[in-house]
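First the structure, in the form of structure tokens, and then the observations on it.
Labels A, B, C and D are assigned to the chains in the order they are written; within every chain, residues are numbered from 1.
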Amino acid sequence: MGLKTPEQYKSSLRDGRTVFYRGEKVPDVTAHPVIGLAVKHAALDYHMAEDPKYRDLAVVKEGGSEYSRYYLLPRNADDLRKRSDLIAAATREGETLVVLIKEIGTDALYALTMTADRMAKAGKTEYKDRVAKFYQHCRDNDLAVCVAQTDVKGDRSLGPTQQDHPDYYVRIVEERPDGIVVSGAKVHTSVAPNSHEIIVLPTRAMRAEDKAYAVAFAIPVNTPGVKLIASPHGGNKNNEFEHPITARHKMMETLTVFDNVFVPKERVFLQGEIDFAGLLALTFVRFHRFTAVSYKLPLLEMLAGAGFAAAEANGISKAAHVRDKLTHLAAYHTTVRGLIEHAASTCTIEEGIAVPNTLITNVAKYHFAHNYHQAVQIVQDLAGGLLVTAPAYEDLTSEATRGYVMKYMGGAKGFDAEKRLRLLNLISDLTSSDYGGYQEVLAVHAEGGFEAEKLQAYREYDFKTVSAYAKKVAGV
Amino acid sequence: MGLKTPEQYKSSLRDGRTVFYRGEKVPDVTAHPVIGLAVKHAALDYHMAEDPKYRDLAVVKEGGSEYSRYYLLPRNADDLRKRSDLIAAATREGETLVVLIKEIGTDALYALTMTADRMAKAGKTEYKDRVAKFYQHCRDNDLAVCVAQTDVKGDRSLGPTQQDHPDYYVRIVEERPDGIVVSGAKVHTSVAPNSHEIIVLPTRAMRAEDKAYAVAFAIPVNTPGVKLIASPHGGNKNNEFEHPITARHKMMETLTVFDNVFVPKERVFLQGEIDFAGLLALTFVRFHRFTAVSYKLPLLEMLAGAGFAAAEANGISKAAHVRDKLTHLAAYHTTVRGLIEHAASTCTIEEGIAVPNTLITNVAKYHFAHNYHQAVQIVQDLAGGLLVTAPAYEDLTSEATRGYVMKYMGGAKGFDAEKRLRLLNLISDLTSSDYGGYQEVLAVHAEGGFEAEKLQAYREYDFKTVSAYAKKVAGV
Amino acid sequence: MGLKTPEQYKSSLRDGRTVFYRGEKVPDVTAHPVIGLAVKHAALDYHMAEDPKYRDLAVVKEGGSEYSRYYLLPRNADDLRKRSDLIAAATREGETLVVLIKEIGTDALYALTMTADRMAKAGKTEYKDRVAKFYQHCRDNDLAVCVAQTDVKGDRSLGPTQQDHPDYYVRIVEERPDGIVVSGAKVHTSVAPNSHEIIVLPTRAMRAEDKAYAVAFAIPVNTPGVKLIASPHGGNKNNEFEHPITARHKMMETLTVFDNVFVPKERVFLQGEIDFAGLLALTFVRFHRFTAVSYKLPLLEMLAGAGFAAAEANGISKAAHVRDKLTHLAAYHTTVRGLIEHAASTCTIEEGIAVPNTLITNVAKYHFAHNYHQAVQIVQDLAGGLLVTAPAYEDLTSEATRGYVMKYMGGAKGFDAEKRLRLLNLISDLTSSDYGGYQEVLAVHAEGGFEAEKLQAYREYDFKTVSAYAKKVAGV
Amino acid sequence: MGLKTPEQYKSSLRDGRTVFYRGEKVPDVTAHPVIGLAVKHAALDYHMAEDPKYRDLAVVKEGGSEYSRYYLLPRNADDLRKRSDLIAAATREGETLVVLIKEIGTDALYALTMTADRMAKAGKTEYKDRVAKFYQHCRDNDLAVCVAQTDVKGDRSLGPTQQDHPDYYVRIVEERPDGIVVSGAKVHTSVAPNSHEIIVLPTRAMRAEDKAYAVAFAIPVNTPGVKLIASPHGGNKNNEFEHPITARHKMMETLTVFDNVFVPKERVFLQGEIDFAGLLALTFVRFHRFTAVSYKLPLLEMLAGAGFAAAEANGISKAAHVRDKLTHLAAYHTTVRGLIEHAASTCTIEEGIAVPNTLITNVAKYHFAHNYHQAVQIVQDLAGGLLVTAPAYEDLTSEATRGYVMKYMGGAKGFDAEKRLRLLNLISDLTSSDYGGYQEVLAVHAEGGFEAEKLQAYREYDFKTVSAYAKKVAGV
């Protein structure tokens, strides 16, 4: 018990789990050319806990024991701020790619803790203790935990029971005295292949007929019947010169199939209580959007920073339109950062837990998501067409071509061809490649899409007070 | 000495000041049909100090004496937050129109205090005491103070000395042992006709040849040679039904002429120190943009609130596109409010004074200003064409027409014709009238225009750190 | 019979019509201080027909007779182009305000003609001849014709029969052998007080239960029971210096009440044929949005032109951000103009009549409407705060102030104070005043609001072909 | 002489040309795994000429001979419209990727023809005949011709002679009686590895000191000293299921080095005439932006079509926000298409050649470029997160996973898992992958970036007329 080392983390993933990559079962995720990179990336979390530079931020001491700060239940604004800082710091180490192996799992654990508390108050007392024990298990074993929430959904205009197939939302297919059996599948499960545990949450509020779908639980990734089908998007780009980010960092998403999986009772956290399915889903999201905006900050720093550096390298940093565009990037970053910091500062304490200001968090997410593509456009504009037409790494090393490339790819003073190409390749990797597309799609869809953020913001905003003000002034 | 009553405020304005309205000298500003309304509006400030609801917010007790909170030099984030709250509360009382008779003057006083401190440290010791005494004078007499900063400028591509006329920027025309004589004119001087004192600040940094233009001072409005030429924009709309805001509230701007005005030495705060002209101008703006965003909040509340109420009155509040538009208004308001609150929370302490976070303040202002017209568009969209085609107040009272109007102008349940028209008239007054245009132009130009905000944001943003991050990841 | 002179037009309006302004019946619309200005503005149409500069464009010769080009049924692209040019030329004469007294009426006449043709083909033969006769009557008498289409609607989420009051949509209250009796009211009826005839069209498609609401007809404005309640918005601004546009030009909108109005049979064009109500409404809009975009062109020319001139006057035309903003205005104008010209060129011929390309017309309108407020923002930005803080006309003429104003309001070379103020006042009148608000609301709501344009564009766009292309490439 | 077959095209590329890919010289471009795909893609042009479906559009008969329509000098609007249609049709065959092997070359040939004509009129008579002969050579041999225009530029804030290295712009290093020797390099040269000829144009206007840089010429790709260093961006994605577009289509860009290349006199088209360098560069762009917008149309069709199909597949096509987003895509496509068609219709005839309306062409390009990223955002929004998290092709074929994938990836009625994934993979390939980034960067930079389009639009727009209008109305 206690903090895991990076090596312990890696070796603990060799546990017989069922992961498929391009149709083949992966015998050892740590040794796989693509998933292995994701493991290495995720291990950043364990490295940071050992790194003196991050130790105070990454590790909490309580009594005689130490545990990862992610596992600290936030009690006040400062806890939230430190959590946000840690998430940002880890993503900065990940060179714009979030680590996520504890971030998302603890968001779910907070939500389960709060919901179990509410259920206990409503007379459903069995879950509170189960959740607490699972929480301690994860914390004390310093586990990597992923969350499977988004059901495959089939026809999105239909509810769980109206689908062609009853398994389009994960459901309970059998209730036994010692547990439940579940079937169905979830999509977009990030970091599943390199996590220890999977927490399963409902994706939406449920109606009376959806009782079998009101289910939440947690199981080890290697539980029989759990099949992870990994997405090949992005593949591996093992050329650090051309792909400085993605040659070193990777996150995996899976189609996560539950093929008649048995979940023991002590790991079941919701079993048919339809009134709490929506609350649990929503509470998770209240924490998770705060996490999301926190881990977007290094990405926005990078857009502003890379845009600025590219302008320098190209010799255009004095042009008025360039300053205008850089200011836009600066304002974008500052707005998102300012709002998320403010969301922490103005948190509410519910069931003893500090919840980030939900309205402001959603507005921060909305601002981030709606403006991301435009920011990409600006950075691409500042960097130039070489983003997609520059020579290869091998052109810089081959005798036949090196001379030409070094001569002709040079930029403004201080930026020889290699430096300039490295910068442009960074931007290409970040914005004009598979990873660029990945980040765009994440901006639009991760942690709930545009419409989800807008709905939440609409609900949280105090229209009552402001419309009363309007009516008063109108004399109505 | 001490707090003024509203009546004392009004009577104190009958002091022989030279104010022109439509070419005629106004004998008594408090009795003028248009300026008198501005006086009444400004008196809100003195009313609030007497109102138990606002007393704690509006008045500070220090030792045995009391003074207006505006005159409190902010020492920490909480002082800034309360100041912001007070400014917003006063504007809310002003039904979206800022009161401003102390807000702007104290912004200038803070800037003068800080700049005089810096000048003293640089060996120019005479100003510090002068500023302090003037500060006490204003505070102890509970004065209304306006600020004249923007010079008329002539050809804006030219500096002060390059203009066709040397008076296109206010300048010292004579230096005497007992003071200076100044000439020139300032534009956009808000609340000048109903203030006690005018503070004059330079509008920009000055170069060596601009010595005569590096000048700051304060004088009573009724000083000989000071001529205020009031703008007629908006005029008076004395129909509360059709113009619920502007029939009750008004702010005056003037072309403020200094025709060989003598300023006694103790009221001179900058006299040729070109190195401090830019600093003074900028320091004022650092406080004033914070004030500006604070007083915009009730306007944004009103847009969201009136949009929501109009949607209800028209029976469209359930439509998906309407919710989308309302969410946009909510996010707009929340973003600006969140940022300005955060700017207070993350203030810096300089020369012992709490300065709102300059980067965040400018980004808040930028966000407000760039999105205002679109918010207006949305509210006009939700309200409908009756904003500019509705019947008149007299159509509701005339026997011949009242029946038709009451019958046909009715809206959704709970909104009879009168109520609905009152709401729509509020929105018309706010967005589709002289006052609507006034607010749009203010959004674009007041407290420095778009380019000024952008320049400031560009300078304050930490491009160095973020571009170092980009270079590190790029391996440069 | 034949073309009317401006004087004949004016005198023909003294016909006992019932028009209310601010609750009082107007004895003679041509002599009223506000409505009289609208009459004078509308007379531009008759002046143009006499003006050698416009005669070829404004008047059509057919056989031995001449009539206004508005009354030419368009048979090909060139007819549409000339019509568009005429509408734009008249609005240019109206200094950005559309004349509309024949534009809108002929849009309705085209739609009635086409719909009656379709009805005849479907066996309802009586209307075709009635419409043709009414058409000839209007053309041969050179009449001014307004269109009342938008019902008051009450709760917009409810249909005609679900409202609190059955008259919230205009309906037939009695069917007689010689005609029908109608009741109800329409809003936003432009140019009604100075038209000869009112054409009434249904506002939407009707369902089976809405039979009484499926009604279209035309009657003289002075028909008993027709009551026009004029909107006071904008009032009269009779100061040409401060309000160069609105001191000379005015359009009136009314609440148009039908209080048990008898319509003789030969003037009834739809009487319960619910299947044709929607078609008629839509066909009108197909022509009317083309008219709308045509008359917006001078407004967009003015925004670009005034923005450019203001930049010159202020001495900022060389600044990079200014060029960028001017380019935006130029692109905005060019896009809208290019699309509407293209809509004429790619018209379809239906029932022998040239109908502007509906998809492109709606997209042009959408582009115009969505970007109008932003264009206003840019022009206000270029012009400066004097839009709302400049001195009055009387300050330029009064001895006491003239010297100061002439001295200090001067701008860049070639722009003395008077010239600069005239330019800024033009922009203030256009964008930052009652008229500015009027134009903004028109942009959003006139000729169907945002959602109407979008719906039409969605329906007209060929999603079938493009999605087949996508599926083919996808191999589906 | 006459039309080439696809096979003749391919074999003609085995001519000893010097092309490097990842540092290695490519012995046969048609056999290379990546460049070979580009050859196959380019061969579409020759296939279309043989395809009865396209023959009339693709081939022109003149006298007894036939040649590719691209080589027809446009004489009127109809020629431009057909050219635009052909470009769009070819790109549609290329499944959103332009073919370009004749499009760009003929743009340059038109520009050379017009410029040589102007030079002849100015007394420089030698070029006209040379250009005409080269034109015939290309046309009669049905050649693929690329254009190298953008110099590497070094520090973009400096002119050609101010750079660290004199070769940062291509220049004449020696003038001989029989020709010239040139050195330097161009970037972003599209289709160079699979073209027959390279036309070199100056990238900008030149000043007196830039005489050596005022150079234009054409040479075969296999000329000694010409070295093409191909960009590896995108590589090859040979999985048609996951990459339906890029597994079948590819375009290559090169860094095109001229290492002391001798150009015979008859192939030199500009040699030191600095006054014509800017004109030539600009004239090329006037044609090439028209080409550019023409070939973007299939891309915009695809965005709208794929967005629509994805909405169907996901079962969300009835949601209000989805319709709104689809309407936006439709309006975007329609605006760009309408404008470019209108640019053809309103062409000017200069030197006997039809030039597309330059203002409208630039505004069309500006509209396309500024809104592209937002359109991508919408399509990604409609498609969902599976764009970057879907299973692999092999997961559909492997026994172990196929059952799960087929079961869980199903969508709305009519879209089983395979169909849905094919559609989503199309969108992923198009928007969220290397190719997605490529298209984004092209939108921003190809055929001149944002600032180039804006500058051109600013210059072409008639500010004089519109500001005269403003001044007239203002009474100035």
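One rule holds for everything that comes next: contacts are C-beta pairs under 8 Å (C-beta built on N, C-alpha and C of every residue); 3 or more make two chains touch, one makes a residue touch a chain.
Here the structure is a predicted model, which is why all the values come from computation and not from measurement.
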item	value
Contact-richer chain pair [B-D vs A-D]	A-D
Taking each chain's C-alpha mean as its centre, the one farthest from chain A	C
Inter-centroid spacing, chain D versus chain C (mean Cα positions, whole Å)	43
Rounded Å distance, chain B centre to chain D centre (Cα mean)	52
Chain A-chain D separation of Cα centroids, rounded to whole Å	38
Sites on chain B at which at least two other chains make contact	319, 321, 324
Complex contacts: residues of chain A adjacent to chain D	20-25, 150, 152, 154-158, 164-165, 167-168, 185, 187-188, 227, 229-234, 242, 253-255, 257, 259, 314-316, 318-319, 321, 372-374, 376-377, 380-381, 384-398, 400-401, 404-405, 407-413, 428, 431-434, 436-438, 440-442, 444-446, 449-451
Residue ranges of chain D touching chain B (in the complex, touch as defined)	319-321, 324
Chain C contact footprint on chain D (complex, rising order)	92, 95-96, 240, 244-245, 298, 301-302, 304-306, 308-309, 312, 323-324, 326-327, 330-331, 333-335, 338-339, 341-343, 345-346, 359-360, 363-364, 366-367, 419, 422-423, 425-426, 454-455, 457-458, 461, 463, 465-471, 473-476
